[in-house]
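Chain nomenclature is as follows: A, B, C and D, assigned in order of appearance, with residue numbering initiated at 1 for each chain independently.
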Amino acid sequence: MQPVGHTKWAIAEGYIPAYSNGPEPQFTSHETVCILNAGDADAHVEITIFYSDKEPVGPYKETVPARRTKHIRFNNLKDPEPIPLDTDFASVIESDVPIVVQHTRLDSRQAENALLSTIAYASN
Amino acid sequence: MQPVGHTKWAIAEGYIPAYSNGPEPQFTSHETVCILNAGDADAHVEITIFYSDKEPVGPYKETVPARRTKHIRFNNLKDPEPIPLDTDFASVIESDVPIVVQHTRLDSRQAENALLSTIAYASN
Amino acid sequence: MQPVGHTKWAIAEGYIPAYSNGPEPQFTSHETVCILNAGDADAHVEITIFYSDKEPVGPYKETVPARRTKHIRFNNLKDPEPIPLDTDFASVIESDVPIVVQHTRLDSRQAENALLSTIAYASN
Amino acid sequence: MQPVGHTKWAIAEGYIPAYSNGPEPQFTSHETVCILNAGDADAHVEITIFYSDKEPVGPYKETVPARRTKHIRFNNLKDPEPIPLDTDFASVIESDVPIVVQHTRLDSRQAENALLSTIAYASN
């Protein structure tokens, strides 16, 4: 398939709740960046995390193989450093080939989970 | 009415919860692609499903008649094969005439349902 | 302020739950189209409703005055006819001046409410 | 990093629930505008609030420093005046440098919270 999407995306909202309810890992509170690489070349993706009170951290490097999707939990980013819980952040996602990016959160701090999702901002 | 929309769309997030609570079919956990064909020609739509660990599957073929909307549950796609539950996926939606695509999930795994929705990514 | 937005928008998702829990009118299950008219001329808005199994109905006519927002519940549209409950629909929103359109649902069928929202599709 | 985004954004939906459940401040019902300034110059941001029945109020002035994100609760805007609770509003966000804007609500009026989020409308 022809590649679909843009090579630079941004998500202004980011927040990993500090605790969870329910069976893991499905009900662990999480903030996810969903990436689709519909094209025939692997996507080398770099994620930069922005904070309210300190310099950006990154890049976090991920590969999304050709014709694959990868749903990455911000909770699981480790290198160069984990993202602190209960802290506002934002992210910029850059790729060497076009990708599509969507942002989802599952918040299970209370007995019943809550969900949000939005297409990310596609930069020109 | 003049046709509205694009002919190629993408949804990077996809996940059908493995179980549900509440009366069926309204409260069955579901992942939906909502398609609007505002124009005067039938839309022949092809959906391709992308996974994290295997080649894409499809096309799943759907017709959205002229001046109609169709809200398709990914749960109900059968041909060429059903989408497995509790599995990350993404989708590309292609049509021979302009359509508008929106993505919605109702998650009823817990006693109280949760909802998410977003406009899909409109490809140029 | 200069006008902001587009003159034609579409929302592919639409569904008014058939029942509700909690105090009215805040917790009545509702599907809302939020319109912002930031400019200095009144917006004459026409909403057309699309169904899965019958011809479109409309236009429903609304005026959003200059420099005002109007959050219209689809539940409250009466002329030419109410939108049936528990029925899939979609909508196209047209205006004579630029507006911004966002779609929100509050679903209170269960004891705890659920929310979704997305920017609508801005047509060129 | 190069600046990302647009200099004018709009959010047609706005509503601060009148009450809350759960520990403050995380579970206080809130309506948030999340702003990312990825570039190397501070962003001087002006927010104008639109109502259904009176003239717009503003600008509310905020600075988002270079390479920072700021998640602003509409609840906390004070100057020129607080936004009333349980009231429909909308907003236009203007900046002197490109920013990215996302809208999120946490509604904790009931025992279990509900979430919504969407990218804002990027004006040309």
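Following the convention adopted for this analysis, a contact is a pair of C-beta atoms (placed from the backbone, for glycine too) under 8 Å apart; a residue touches a chain by one contact, two chains touch by 3 or more.
For reference, the UniProt names are A, B, C, D = Sensory rhodopsin transducer.
The structure presented is a predicted model; accordingly, all values stated were derived computationally and were not measured.
*Asks:* Give me the rotation angle that lays the C-alpha atoms of chain A (Sensory rhodopsin transducer) onto its copy chain D (Sensory rhodopsin transducer), rounded to the nearest 5 degrees.
*Replies:* Angle of the fitting rotation, chain A (Sensory rhodopsin transducer) to chain D (Sensory rhodopsin transducer): 90 degrees.
*Asks:* Compare the two sides of the chain B (Sensory rhodopsin transducer) and chain C (Sensory rhodopsin transducer) interface and say whether they are made mostly of the same residue numbers, over half shared, or of different ones.
*Replies:* Answer different: the two copies use largely distinct residue numbers here.
*Asks:* Just give me the whole-number Å value for how far the CA centre of chain B (Sensory rhodopsin transducer) lies from that of chain C (Sensory rhodopsin transducer).
*Replies:* From the centre of chain B (Sensory rhodopsin transducer) to the centre of chain C (Sensory rhodopsin transducer) is 21 Å.
*Asks:* Roughly how far is chain A (Sensory rhodopsin transducer) from chain C (Sensory rhodopsin transducer), going centre to centre by Cα mean, in whole Å?
*Replies:* It comes to 30 Å between the two C-alpha centres.
*Asks:* Residues of chain A (Sensory rhodopsin transducer) that touch two or more other chains: which are they?
*Replies:* Correct list: 111-112, 114-119.
*Asks:* Could you please specify the touching residues of chain D (Sensory rhodopsin transducer) with respect to chain C (Sensory rhodopsin transducer) in the complex?
*Replies:* 8, 10-15, 48, 50-53, 55-56, 86, 88-90, 92, 103, 105, 107, 109-112, 114-121, 123
*Asks:* In their shared complex, at which residues does chain B (Sensory rhodopsin transducer) touch chain C (Sensory rhodopsin transducer)?
*Replies:* Residues 1, 4-5, 22, 26, 32, 34-36, 38, 67-71, 99-102, 104, 106, 111-119, 122.
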